[in-house]
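Order of writing sets the chain letters: A, B, C and D. Residues in each chain are counted from 1.
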Amino acid sequence: MMPELGKYAFEVLSAYGVSLLLLAALLGLSIARDRRARADLRHAEEETRRNG
Amino acid sequence: MTLLVQNLTVARGGVPVLTGVTLRLDAGKALILRGPNGAGKTTLLRTIAGLQPPLRGTIDGAEDRVAYGAHADGLKAMLSVSENLRFWARVYGEHDITAALAAYALEPLRDRLAGTLSAGQKRRAGLARLMVTQRPVWLLDEPTVSLDTDAVAMFAGAVDAHLAGGGSAILATHIDLGLQAETLDLTPYRAAPDARHGASDEAFL
Amino acid sequence: MIALLLRDLRLALRAGGGFGLGLAFFLILTVLVPFSVGPQSTLLGTIAPGILWLGALLACLLSLDRLLALDFEDGSLDVLATAPIPLEGALAVKGLAHWITTGLPLVVAAPALGVLLNLPGAGYGWLVVSLLLGTPALSMIGVFGAALTVGIKRGGLLLSLLVLPLYVPTLIFGAEAARRGAAGLDPATPLLMLTGLSLGCIALLPFAASAALRMNLR
Amino acid sequence: MSLWEYANPVKFLRLSERVLPALWVFAGLCVATGLIWGFFATPDDYRQGSTVKIIFLHVPSALMAINAWFMMLVTSLIWLIRRHHVSALAAKAAAPVGAVMTVIALATGALWGQPMWGTWWAWDPRLTSFLILFLFYLGYIALWEAIEDPDTAADLTSVLCLVGSVFAVLSRYAVHFWNQGLHQGTSVPVATGARTVSDVFFIPLVICMIGFGMLFVALVLYRTGTEIRLRRTRALLARGARGA
């Protein structure tokens, strides 16, 4: 199944590895940041509702 | 020519601070802004000076007629008093600074570096700068901060002289200067907490 | 506006005005280069134009954050913004004052430092010409960067981060012109590009800088 | 209902909530099929050997890196002219995505060129332009973080983006002038339409490009939503503080 990459196997694999890693990191950070923002928002909305 | 402010709304940091401010300032008159810290005195003065756009309302009679004096007097520490005044005179098209030096008894300090002046002397130089600009409407933000009693008296006298000369002034201050001027308490104009008035945060509320 | 220029020049010459700052930095940098790359004069000769241009560029960068920050602190900027003179004109004059107090001395000092780096004979004239044509762009871009970061605490580092990428075209054309001059080739094309770049900066950047400054004063 | 309708952050949030799930799935599928097809089912190039497979990452990411900056330029203009908060926040959200795409383009470009150049980095003018673009991204993001007041930050970063774009184009030509260049011709020259890439590579490449494009849009929509929520929290707290 694994295609024959010849002597440049390292370059090709690391290119794919680095790229997918970077994309995954960007995605992960974005999701974590959004989750924190949603929590802060819910907190702020409750607070304004309580003493609004 | 009077300064007319109608139904002015001003914001600070995207949040409305004052709404519906209406005031009229005739030549020879002074107006003292009262209100707690953060009430928006400085924001109002800066808006009238044209340093920031109002959210709503109009300001007439301020274009090219106001001179704005904040805490810092706009004096360069490494230049002498006369050099500072001559610079600001040239920027505003004027050239003669002798009248201003005389008015605030700055003759002896003429060649002293502005950095070496005391707070009172620095304020007198700041006032001289205002006078040199030949602008009729003075906007003064906490002008008597860090001044001792006789410096305050001198300041009040200077403002009186300016008014007598047909000028006008709006002062934001807590100290009673003994000026015969109306006072405007800004607390009633305070923007309600949920007031919007097109402030930039409104889109998010 | 002339008054502003004269005031800034007088201020720069006074003690603490930072007149010699850029010059001293340029000298120190040039002296450090042989310590880092070794004393072989042939090597030094080839990299001399580039090093001298880089030194001049960094010396310009060094004196930028004082350009507007001092006026911001003592209230002069607020008064200047409400003064009758156009803010664009005032900022163009600021750039001119920076160029006269920092750019020109670098141009004058460059040949002397070229001797330290064993710059080939033909290179001196073209080095001075390329610096003369390039430093105005450096000053004007610097004024724009200073206007962007004037309100920010410790804005000096951010100023460098914003301004250095903007310096890239000027550095490439300037150093290329100096290098071709030193190698005896014809530096006409890079010099023309450099001049065009400088003129463009002088003409357009004051408007961007004054827009940024108004936003900061708001 | 004009496009400006979605300038209202709350409406924008509702819309993006509906569109995002489909967008994520579609982008994921596209990228996956494109990369798997390109990685497994394409032959080696007679000259470059298997490194040609890197094209499926390099070209789309390079394309997105430039489009991201162009999109930020457009949104900055919209902010300066029409003062729509969503466009300013979209620019702020797009910058990190553009920066990551630039890093991917740089990394894959260097790795792809390594066999031909014999070194990891050969100051090739096209790659160097991406390096400079990356510096612009860093400066842009740093300026956003350095200013507290969101409106002033949006204004200043928009001005920086406008001026930066002019200098980015200047830098691109300066870099080409400075070093003649080892990069192979553009794989898919949009202008001329001629394809220097043979068919067997072309289809997966296009799928990858569409996939990366969708991924970019999805990421920006998602991150803009986050920015809007942060701004809303800040507005509520500021109003709460004033009210108390």
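FYI, a contact is a pair of C-beta atoms (placed from the backbone, for glycine too) under 8 Å apart; a residue touches a chain by one contact, two chains touch by 3 or more.
It should be emphasised that the depicted structure is a prediction, and the values quoted were computed from it without experimental measurement.
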| item | value |
| --- | --- |
| Other chains in touch with both chain A and chain D | none |
| Relative to chain A, chain with the most remote C-alpha centre | B |
| Dominant interface by contact count, named by its two chains | A-D |
| Innermost chain, where centres are averages of C-alpha coordinates | C |
| Approximate Å spacing (C-alpha centroids) for the pair chain A, chain C | 41 |
| Inter-chain centre distance, chain A versus chain B - centres from mean C-alpha coordinates, in Å | 52 |
| For chain C paired with chain D, centre-to-centre distance based on mean C-alpha positions, whole Å | 32 |
| Separation of mean Cα positions, chain D and chain B [Å, integer] | 48 |
| Touching two or more other chains - residue numbers and ranges from chain D | 232, 236, 239-240, 243 |
| All pairs of touching chains, each written as two labels joined by a dash | A-D, B-C, B-D, C-D |
| Complex interface listing, chain C residues touching chain B | 2-4, 6-7, 10-11, 14-17, 73-76, 78-85, 217-218 |
| Touching residues (chain side chain A, partner chain D) in the complex | 1, 3-9, 11-12, 14-16, 18-19, 22-23, 25-27, 30, 33-34, 37-38, 40-41, 43-45, 47-48, 51-52 |
| Of all residues in chain B, those that touch chain D in their complex | 13-15, 191, 193-194, 200-201, 203-205 |
| In the complex, chain D residues that touch chain B | 8-10, 83, 85, 148-151, 228, 231-232, 234-236, 238-240, 242-243 |
| Residues of chain C defined as touching chain D within the complex | 144, 148-149, 151-152, 155, 158, 161-162, 164-166, 168-169, 172-173, 176, 189-190, 193, 197, 205, 208, 211-212, 215-216, 218 |
